[in-house]
């Protein structure tokens, strides 16, 4: 695998002069999240990989525009049509947010570059909470309509997944939206909610501290075995939700990169290639491993297909819940 | 020049208009209780009502008492002399960018209003613009607007 | 005592030539970004973050937290000298700091602010040292209902202390609430009150609002009243700095009370801004010199500054132990922690004792370095007051415009700031109080979120606010602060009539 990537990098390095376009001034990475958020870390990881390996001659500036759950950043870059010096870093929010919220952009306002990583979701309970998924489902059922699920933001991925769990398991949750996943994690540690569906990086510190633990992961297979997180367990010890008895086979959040509209195919090709090179660096691998995400590289038609498929799924749940903007 | 009555009315009109805009806008978001809890328009709606009602009270009270002049001609002229050039400066930013606009603004105010010698005013204006560039664009990598002029120069 | 040993160990890590050099560099950079409105500690921290990737985590966090200290101190400078608060938490410092500086005592105002700030920070660090694990536990007890109660307490301790016309106070307060509601709503995911301006989805930034209301508004008033004719004579006088610092212990009780308020608001999620307002409000209620407040009373500087820094310092604890950043700067630092491979959370103290206690030890040192450096700069800053008004006025305009723009690279923010400037002028001219508006802009939406989250959890029942001892005590205290003064006044009047 490693030799293969090296071969790809070598080939692309040789091919580099063939690019019809090269940046000639500083490039701005617009992160659609505040400092410290998942998307901010993503943009800064790409920046670090490029800077440390000198993949570009031009400086890169990361700008945080996290206002309006990221809508600020999208709207800002949308207005930069024809400018290949502004990249927006986001999530599936690019197509999901315009569906459920009256924001001034839509996915077709951007030129897709790539989806570079998929963040995982797990079901978390308090340390002294239900010991596995079966117990959890029974306990939530017993609570009736007062079972509480915490999450980051409203009508976003966390609530989407919550509503899917409700439907699959025949439960009813009070979904309590907080500003961030980290805040939801603290609320769970304090026992103010019963569970949440955080990404690994949002709750690993709490898991290490024995205030909460994951009971299943929303993926078709278990996560990669890294170093143990607690004395007894690591990520690969967590069963998939399907095998534990909650039939949601796969739920992930892609982290995506976009250019504004009206850029040339040469410019797009340049950035696609740049992101490919980023993925081959040690810094990037380190970022992916430490945040327990799964690396992907979707671009071109593949990316568009993925988007269409995911939009369909989101649209279905949003319609059932009555979230769609009129 | 301006009586207390006039200024009170102006301010109450501004806050009142804002209050009404808030009321109207929050109706779009829904008011009351839904399955998702307190609807998002409820709280702004209430604040809008209070702002509007309070503005009405302030308008009436301000109108009834206060015929005395609180901003005389001289004071008003001084305020305008400060505010108008600044407003022109702000309006010029999208055209000529932050650096040229602020240098021009300083040059104009220092020369015309304060009567500094041309050379001194020019030197200060250029130094400030360079200082801005060094601190923001160069060391903190905050790109200040370059305006249409900057876009034209780049081509 | 175990903590004490760990702290000594921490000192052995933190004290080295390299680290002290990092502290001095970090503090100076921090003072620079703190003094410039629009730039703040997050700018300095995120600028240096890439440099720290290659460092030891302890060295890196020492550098970054030194920027934090420098910026905390630097933020008060423009508040006091030009009435332009660079950060939300230094707004309350303008109430008495600016009048004192204007009346010809800028050196005393700055030295008072820095001295009490250093005291507040020190109390905060001592608290972290002694009670780290206990505090982490306390913070977990705060759910949405308790959050709301804390904000309510902050409001009720501050509202009603001013002598402004009541209806004007109400308009100012509710105007602030409405402004805070502009943009994306966390609880519903809906966009609110954008008035057809798409960019407003990001909300109205606080710094933009205060630079206009206070900075520009004050400038317009000053030019009209021909303030520049009354030149401020401020001789560069080092003795004045020492005299002021030496006189601080006279205000021992104010210092202690404000530090307590600050620590409390830092541990509970109220934050430094709420802390400084609350502390000012309480000081004004209980002080014997309450009539002098707002005219350059030292107590009016000591109270908010001490509380601000005590809260700012103790707010670093939730970041380390719970992974919730108490401020934007803490958020950037937390991003750094993750890049260095450390996970903030309850286990950090056990897993990385060298890192945590090295950091805590560096807080003591960093503060001392910061206060020494910043006191050295006092005469330089005070000398700024001697610049002629015709020169300083356009310069303030430029600094505010650039600052408003650089908050989020937005021209709209510049226009908003000018609008707020005119509003600030009108409000000041007509005795509308600005402070309630500012407080509402800062914590209004947080209070609303917490209230609505509580309502979700209780499914509409207000009983959630009296559900346990903690929340009912907080709510009760809030009502007491709100109702006692007017009741006492009415009662006093009745008694007088009877007699």
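Each chain gets a letter, A, B and C, in the order it is written, and its residues are counted from 1.
Here is the rule we use: a residue touches a chain if its C-beta (ideal position, glycine included) is under 8 Å from a C-beta of that chain, and two chains touch if they have at least 3 such contacts.
Computed from a predicted structure; not experimentally measured.
J.: Which chain wins if you rank chains by how close their C-alpha centre is to the centre of all protein C-alpha atoms?
T.: Smallest offset from the overall C-alpha mean is found for C.
J.: Please identify the chain with the largest separation between its CA centroid and the CA centroid of chain A.
T.: B
J.: List the centre-to-centre spacing of chain A and chain B in whole Å, with centres computed as mean CA coordinates.
T.: 39
J.: With chain centres defined as C-alpha means, what is the inter-centre distance between chain B and chain C in Å?
T.: Taking the average C-alpha coordinate of chain B and of chain C, the gap between them is 24 Å.
J.: So the centre of each chain is just the mean of its C-alpha atoms; given that, what is the distance between chain A and chain C in Å?
T.: The computed centroid separation for chain A versus chain C comes out at 33 Å.
J.: Multi-chain contacts in chain C: which residues touch at least two other chains?
T.: In chain C, residues 185, 187-188, 190, 409, 453, 456 touch at least two other chains, as defined above.
J.: Out of chain A, which residues touch more than one other chain, so two or more?
T.: In chain A, the residues touching two or more other chains are 154.
J.: Residues of chain B that touch two or more other chains: which are they?
T.: 36, 141, 143
J.: Spell out the part of chain A that touches chain C in their complex, as residue ranges.
T.: Interface residues on the chain A side: 34-36, 40-41, 44-45, 47-48, 51-52, 62-63, 65, 67-69, 71-72, 75-76, 100-104, 145-146, 148, 153-156, 174-179, 182-183, 185-187, 189-192, 201, 204-211, 287, 290-291, 323.
J.: Would you tell me which residues of chain B are touching chain C in their complex?
T.: 4, 7-8, 10-11, 14-15, 18-19, 21-22, 25-26, 29, 33, 36-41, 43-44, 47-48, 50-51, 54-55, 57-58, 61-62, 70-71, 75-76, 78-79, 81-83, 85-87, 89-90, 93-94, 98, 102, 105-106, 109-110, 113-114, 124, 128, 132, 135-136, 139-145
J.: Can you list the chain C residues touching chain A in their complex?
T.: Residues in contact with chain A: 42, 46, 49-50, 53, 139-144, 183-191, 198-199, 201-203, 322-325, 328, 331-332, 334-335, 338-339, 341, 343-348, 351, 408-409, 449, 453, 456-457, 459.
J.: Show me the residue ranges of chain C that touch chain B in the complex, using the header's touch definition.
T.: 33, 36, 39, 43-44, 47, 167-168, 170-171, 174-175, 177-178, 181, 185, 187-188, 190, 192-195, 219-220, 223-226, 388, 390-391, 393-395, 397-398, 401-402, 405-406, 409, 411, 414-415, 418, 423, 425-427, 429-430, 432, 448, 451-453, 455-456, 460
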